[in-house]
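Below are two complexes that have chain A in common, paired first with chain B and then with chain C.
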Partner chain A sequence: MLTYSFKRLAQLFVTILGVVTLVFFTMRMIPGDPISAMAGDNLSGAALDQMREQMGLTEPLLLQYLKYLGSIAMLDFGNTVTTKLPIVQLILGALPVTVTIAVGTILLTVLISIPLGTLAAYMAHKGNRALDNIITGAAMVLDLMPSFWTSLVCLLVFSLVLGWFPASGMVSLDDPGQLLRRVTLPIVVLSMAQIATMARITRTSVLEVLNEDYVRTARSMGWSELRVLFRHALKNAALPIVTVVGLSFGNLLNGTVIVEFIFTLPGIGNLLVGGINSRDYQMVQTLILFYAMIFVVINFATDLIYRVFDPRVQF
Partner chain B sequence: MNALSPLERKLASAAQTSLLDVRDLHTHFLTDTGTVKAVNGVSFQIGRGERVAIVGESGSGKSAMAMSLLRLLAYPGKVVSGQINLDGRDLNQMSERQLNQIRGGEVGTIFQDPMSSLDPVMKISNQMVPPIMRHLRISREKALAEAISWLDRVGIPDAARRIDGYPFEMSGGMRQRVMIAMALSCKPQLVIADEPTTALDVTIQAQIVELLRELTEETGTAMIFITHDLGLVARFAHKVGVMYAGKLVEFGPVKDIFAHPSHPYTQSLLDTIPPVDQPERRRLAQIPGFPPDMKVPVVGCAFKERCAAAHKQCFETAPKLSSRGPGHTAACWRPEGLGTARHLNAELVPSMVSNTEDPVVVEIFNLHKHFVGRSVLPWRVPPTVRAVNGISLSIRKGETLGVVGESGCGKSTVARLLLGLDPATSGDIYVEGMAQMVFQDPASSFNPKMKLSDIIGEPLVVTGWGTRAERGDRIRELLTQVGLDEGYMQRYPSQLSGGQRQRVAIARALALKPSVVVADEPTSALDVSVRAQIINLMVDLKHQLRVSFVFISHDLLTVSYISDRIAVMYLGEVVEYGLTDEVFRNPTHPYTQALIAAVPIPDPVAEEARTKKPLSGELPSPLNLPLGCAFASRCPKATDYCRAEKPALRALSPTRDTACHYAN
Partner chain C sequence: MTQEAIVLPSRRPFDLAWLHQNGIVRALGNRRIQLALAILGPILFLTVFRPLLPIQGPLQTNLREMMQPPSFQHLFGTDKMGRDLVSRTLAGVQISVFVGFAVAALALVLGLVMGTLAGFFGGIIDRVMMTITDIFLAFPSLLLAIGLVSVLGTGMVPVVLAISLSDVPRFIRLQRSLVLSLRTRAYIDAARTVKASQLWLMTRHIIPNTVAPLLVAASIAAANAILVEAGLSFLGLGIMPPAPSLGNLIRDGQSYLEQAWWISTLPGAVILLIAISLHFLSDGIRQVLDPRSHK
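Coming up: the complex of A and B.
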C-alpha cells in the first residue's frame, strides 16, 4: 500500500509536469498576448512593447518557462494579468459552484443509471428483450444529444417558456435555495449525457455477472431475485462502474465549462473561458494545473475504492 | 443379489416412501434457431438417504434435468411439463417464493466448478450464515456457530478464522468443501450435486467423494449425483440412471447395471473405458456417429443410428422403459441390448512396441525450470517457483511415456521445455529429430479463419517442405492416417466436432514426421465415447508410424492403457518411473500408491473391496519446497529421516526407479 502510494505520487508529478509544459507552450502559440487583448486598439505599438518588457514577456521563451516552473515550485501562482487579483483566491471563490454542479451530476447520474442499467440487464437475462431494448435505446438517444444543444433547449423550455428556473441572476452560497434553482438545469443537462454511458456499462457488467456460477449458487440457496441482483450481482459488477464514474468526472470537467458559460454561472469553467479570451497566461496555466490535479486525485481515489468492492484487488 | 446388507435392506424399505418422485419431466430451451428438447420425459424416484448417479455424455440433458428440479435453469431454459414431487409437494407447481423456501433448505445444491461457484467478493461467513438463519430460523450467533461447525466437519482447518476469509484465499479443493458445507448446512433432505468433482484433481476428488459419502450417510441425506465418470458411479452410487438424448435409457441398482447392462448405450459406455489390471490390452469400444440434434423430433429410438443391434422396430417406435430385473429398467426393444454384437472380444493390441535395441530419441538429463518472481525489495531473494526440479528421462523410438501427477506437479512445464517453447533453467534435453505437440483444447489451438488443409499444411509451409502439389498429397495422406477423408480439407475448425478437431491436431503434429509427439491432456476435453476413438487412433499411429509419444494426463486409466512406461511426478520431480504394468500392479512409492488408490474403477464390487483412505492434504506450494522429501507432508509413512533427507531416484529393479527411502 505504501509503495503503491509512492509510485502513484511519482506518477502524479510526471503527469502534472507534462500538463504544465503543454499548456505553457500552447497558450503562447495562440496569436495575440495578454497585452494586446487588454489594450485593444487604444494603445500604440511602443507603449505596448514597454508593458510587455515590464511583464517579462520579451524574455526568451525557455527562460520564461523556467521562471514559471520555479514559481509553481514555491506554490506561487501569481496574479491575473488583467485585474491583478490573486488567482488562487479567484479559483477558491468560483469552486463551490462548479463542485455543486459536478457532485450533483454524479449523484443524479448514479441514482438513475445504475438501477436502470441493472433493470435492463435483468430483463435481458430473463429474456425480456422489449424492456431491455427500450432502456438501451433511450440511453443511446440521450447519449447522441450534445450538451450545448440540450442546454439551449432546457433554457428555452424551463426558463423562458415555463419560467421554473431562472436563466441568470446572482449566485450566492449564502442562499442555498437560489443556488439550487440556478444549478438544477445544468445538472440535468450534464446528467443526460452521463446517464447513457453509465447505464450501458452497468447493463453490460451486470448481465455478464448474472451468468456467473456464484449467482446460480445464490439462487440455489433460496435467495429472492432482488437480493441476488443487488447483494451478489451488483457488487461483483461494481468495478467497471466505479471506473466509469471516475472517468466521467473527467468528462464533467469539460461539461461544466460549457454549461457554466451557457447558464452564466460564476464557476471555474467561466474563469477559464474568460482567461483564454483575455490571453491571461497565468490564469489559464493555473486553472489547467488545477484541473489536472483534480483528475489525478480522482483516479487515485477510484483505485482505492476498487479495494472496497473487490477484496482481491491488491496494491 | 439375494443376500442384502443391512444398509440395502434399509434402503429398500425407505424407497417405498420415496423422497423425490419425478414424473414425465420435460425441459425445453427456446433458442432463436429452434426449441431444444433437452429433457424429454424423464421419470424416476429417489428414496430417503439414497444416492442416485445420473450419467451420460455432454448434451444428454443430465445437467438440464438436475437444474430443472429446483428451476435453476438459465434463460432460455424452461420446465415445460411434468411433476417434481418432493415429500408429496409438487415443486413444479410452486411459486418462486414457495420454491425459495425449498432451495437451500430442504434441497441443497453443489456445483461443478468450485473456483467460480462462490461469490468472490463476499466473505465465506456472509455467504453461509444468512441462509442458515433463514432456513433454520435461528439467531445470527447460533447460525455462525453452526456454519463454523460445518466448515470444521468438511475439513477446513482453523474454521473459526477461515470463515471470515474470502474464497480467493482458498484452493479449489477447499472451496468445494465450503460449497458442500453450504449445501448441507441447512439440513437438507436431498442434495443435488452437478459434477462436483470434475474440476478437481484425482486425489482431491477422492477426498471430496469420501466426504460426501460420510456426511450424507451421517445425516441421512439423499443425493442426486450428476457425472460422466463411471468409476465414480461405481464407487459412490446406490442406483444409476443413464441418460441419452434427454431420456433415461436405463435405471437400476449400481451393481446390477455394471454386471448386467442391458441398454446398448450403457453397454457401449462401459466398454469405452480402458479396463483395469488386464494382462492384455484390447481395442476400446467406440460409439460411432453423434448424438441426435435435439431440435429435431426423434422418430423411434434416439440411439438407433449408433447402435449395432438396431432393427426395423427401432426406426419406427421409441422403446419405453421396461423391467430387466428388480428395480432395473431399460428402454430397448431387445432384452439383451447389443447381445452378441457387444464389444467383448475385440482384437488385441500389442502391448509393447519398443525394445532395448531401439535408439533413444529423447534424453532429458537433470532438467530444471525455475520461474523467478519479482521481489519488491531489491536485497530480498525473489520468490522462485521450482516447476521442474531435476528430472531425467529417456524415451526410445516407438515408445509411449505416460506422465502423471496432480495439477501443479510440473508435467505441462516438462512438455513445454521438451518442445523448446520455454528455455530450461539448467539441464540438458536431447531430441533426435523433431518434437511436436498436441494440445488439450483443439478448438483454441487452431486459427478459426483457416481451412483444415492450411492448418495441417502450415508446418510444411513454414519449413519449406516440398512443392505445392507434394504438400497437398502429404495433407491427404495425413488426413487418411487420422481417419478423416479428403473432403475435410476445405472445412473450417468450427465445422468439426471435438473428436474430429483432435484428429486434425494429431495430423498437424505428424506433418513433419516428428520422432516424438507430446500430447498434453489430449483427451480431457472429450466425451468418453470420443475419448476411446482418439485413444484407439493414437495406439494405431504408434504401431504404424513407430512414433514416440509423451502422453501427459491426470486420467490414470487412460495413461495406463496407452503408455509403455510411466513417470509419476510430484512437485517438479519424478518419484517413480518404470514399466506401466509393473507400476500399476505394484506401485512402490507411497504417492503412486495413493494416486492409484484414488482412481475410481468402474466396477462397484471391486470398489467396495478397496480401502478408501484418501490421501490427506493438498499439494504444498512450490514456492518453498521442504528440505527433505517433498511428499513427506502428506505421506502416511513419513519419518523424521524423510523430512531431513531428500530421497534420490534410485533403481529398485532394472525396470523401476523410485524416490523413497522406504521403498523395496
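Coming up: the complex of A and C.
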C-alpha cells in the first residue's frame, strides 16, 4: 500500500510539473507578448519596455521558466496586472464562495441521488422497470441540459416569476443566511446534472450487489428489506459511487464557472472570466493552474480512497 | 475417425466493407437511430435550406418589430434589434453542427493515429504519450478550453482547436486500450505467423475492429463540443457577435430575461434537442455495431 501511494505520489508530481510547464509555455505562445497584449494601444514603446523589464520578460525563456517554477514552489503567484494585488489573496478571498457552491452541490447530489438510485435498483431487482426507465431517461436529459441554459430558466422561473430567490445583489461572507439564499439556486442547477448521473451509477452498482450471495444470506437471516438494502447492499456498492463522485468533480468545476458568471457570485470562476476580459494573463494562468491542481489532487485522493477501502484491490 | 469439416467464414466478420454493405441498413432499423434522425433530420433540413425559407436573414434587423413574443410570423419571437430568432437559431445550429463535426473528426483522427501507435508499439512511445495525455486530462474540459481560447483568441478556428485539445487525449486513451486488448488475440498471432507486416496488422486487423467504439465516442464528443462551444460563446469567449452562435443568442437574451423570456430559452432548447439526439445516435451505433447487444 505504502509503495503504491509513493508511486502514485511521484506520478502526481510529474503530472503537476507537466501542467505547470504546459501552462507556462502556452501563455508564452500569445502572439507578441503578454505585455503588449495587455496594454493594448495605450502605452508607448518605452513604457512597454519598462514593464517587460519589471516582469522579467527580457530574460531568456529557460531562465524565466526556472524562475517561474521556483516562485510556484514558494506559492508566490505574483500580482495582478490591473490592480497590483497579490493573486493568491484574490483567490483566497473568492474561494469560500466557490467551495460553498461545490460542497453544497455534492451534498445535495448525494442526499437525493443515493436513495433514489438504491430505490430504482431495488425496483429493478423486483422486476419493476417503470421507475428504472424514468430515472435512466431523466438522467440523460438532465445530464445534457447546458448549465447556462438551465440557470437562466431557473432564474426566470424561481427568481423573476415566483420571486423565491434574489437574482443578484451583494454577497457578503459575513452573513451566512444571505449567502445561502444566493447560492441555493446555483446549487440546485448544478445538482440537477449530477443527481441524474449519480443516481444511475448508484442503481447499477446496487443492482449488481443485490444479486450477490451475501445479500441472499442476509435476507435468509431474516433482516428487514430496508436493513438488507442499506446495511448490506449499499455499503458494498459504495466504492464505485465514491469514484464517480471524484471523477465528476471536473464537471462540477466547469459548472461553477458558468453559474458564478450567471448569478454574479464573486467566486474564482468569475475571477477567471474577469481576468480574460481584462487580458490579465498572469491571473488567467494562475487560475487555470489552480483549477487543474484541485482536479488532480481530488482524483488522486479518490484513487487512494478506492484502494484503501477495497480489500480486493491487490498491490 | 472422421475428419470434421472446417467451415471457413466467407468474410471476416468486422471487415469495413461489410460495415458499408450491411451496416447502414441495420442502422436505419435501430429505434434509437430512428429517433435521433427524427429530431436531427428536420433541424438539419431547415438549417440547410434556411436561405430559401420565407424568414428574415439572421443578421437583418427590423426596428419596428423589436422584442416581439413568439407568433406565427416569428415562431421564436424577435430580439432587441428586431432580428428573427428562428432565422438566428438556424444559423446558430449551422455553426454548432460545424463545430461539433470538426471537433469529433479531429479528435477521432488524431486519437486513432496516436492511440494505435501507443497501444501497438508500447514501450517508450506509450509512456511518453500517456504522460502527455495525463497532463491534458488534469484540466477540467471547459477550463482547458477557456485557457486555450484566452491564448489562441476568439473565433471559429481557435474554438475548434481549444475544444479538440481536451478531447484528443480521451480518444488516444480509448484507442490505446482497444488496441491493447486486440493485440494479444489469437487472430493477430495467426496473422503474424503468415508474416503479416506491422502496417498490415494495424490497418487491416486492428483498426477496423476499433472503429465501432470510436464512432460511439465521436458522436458523444460532437454533442459535448456543441455544448462547450455554446458555453464559451455564452461567456463571451467563443464565437464573436454578431455571428449568431447559439451561445451568443442565449447571452443576448440574458439581460432581457424578464421582458423577453423567449430570446434565451428557445435557442437553448434547440441545443438540448441536438445534444439528446446525438446521444441517441451514439447509443444506436453502439447497439448496431456491437454483436453482443441484442436490445
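We take it that the second predicted complex is superposed on the first by the 257 of 315 C-alpha atoms of A that agree within 3 Å, B and C clash if a C-alpha of one lies under 4 Å from a C-alpha of the other, contacts with A are read in each partner's own complex, and residues count from 1 in each chain.
Keep this in mind: contacts are C-beta pairs under 8 Å (C-beta built on N, C-alpha and C of every residue); 3 or more make two chains touch, one makes a residue touch a chain.
Since this is a predicted model, take the numbers as computed values, not measurements.
Undergrad: With the two structures laid over each other on chain A, which partner does A:G127 touch: chain B (first), chain C (second), both, or neither?
TA: The answer is first: A:G127 touches chain B but not chain C.
Undergrad: Between chain B (first) and chain C (second), which does A:R216 come into contact with in this model arrangement: first, second, both, or neither?
TA: A:R216 contacts chain B only, not chain C.
Undergrad: Using the superposition on chain A described above, determine whether A:P86 touches chain B (first), chain C (second), both, or neither.
TA: neither
Undergrad: See if chain A has more residues touched by chain B or by chain C, and give me that chain.
TA: Counted on chain A, the partner with more touching residues turns out to be C.
Undergrad: After the superposition on A, what does A:F309 contact: first (chain B), second (chain C), both or neither?
TA: A:F309 sits against chain B, while chain C stays out of touch.
Undergrad: For A:N236 in the superposed arrangement: first (chain B), second (chain C), both or neither?
TA: After superposition on chain A, A:N236 lies in contact with chain B alone.
Undergrad: After superposition on the shared chain, which partner residues are touched by A:G137: those of chain B (first), chain C (second), both, or neither?
TA: A:G137 sits against neither chain B nor chain C.
Undergrad: In the complex, go through chain A and note every residue touching chain C.
TA: For chain A paired with chain C, touching residues are 11, 14-16, 18-19, 22-23, 26-27, 29-30, 140-141, 144-149, 152-153, 155-156, 160, 250-251, 253-254, 257-258, 261-262, 272-273, 276-277, 281, 284, 288, 291-292, 295-296.
Undergrad: So in the complex, the part of chain B that touches chain A is made up of which residues?
TA: Within the complex, chain B touches chain A at residues 70, 72, 74-76, 96-97, 99-105, 108-109, 111-113, 116-122, 131, 134-135, 166, 168, 179, 182, 376.
Undergrad: Tell me, which parts of chain A touch chain B in their complex?
TA: Touching chain B from chain A are residues 3, 125-127, 211-214, 216-225, 231-232, 235-236, 309-312.
Undergrad: Flag every residue of chain C that touches chain A in the complex, lowest number first.
TA: The contact residues of chain C facing chain A are 131-132, 134-136, 138-144, 146-151, 223, 227, 230-231, 234-237, 247, 250, 253-254, 257-258, 261, 264-265, 268-269, 271-272, 275-276, 279.
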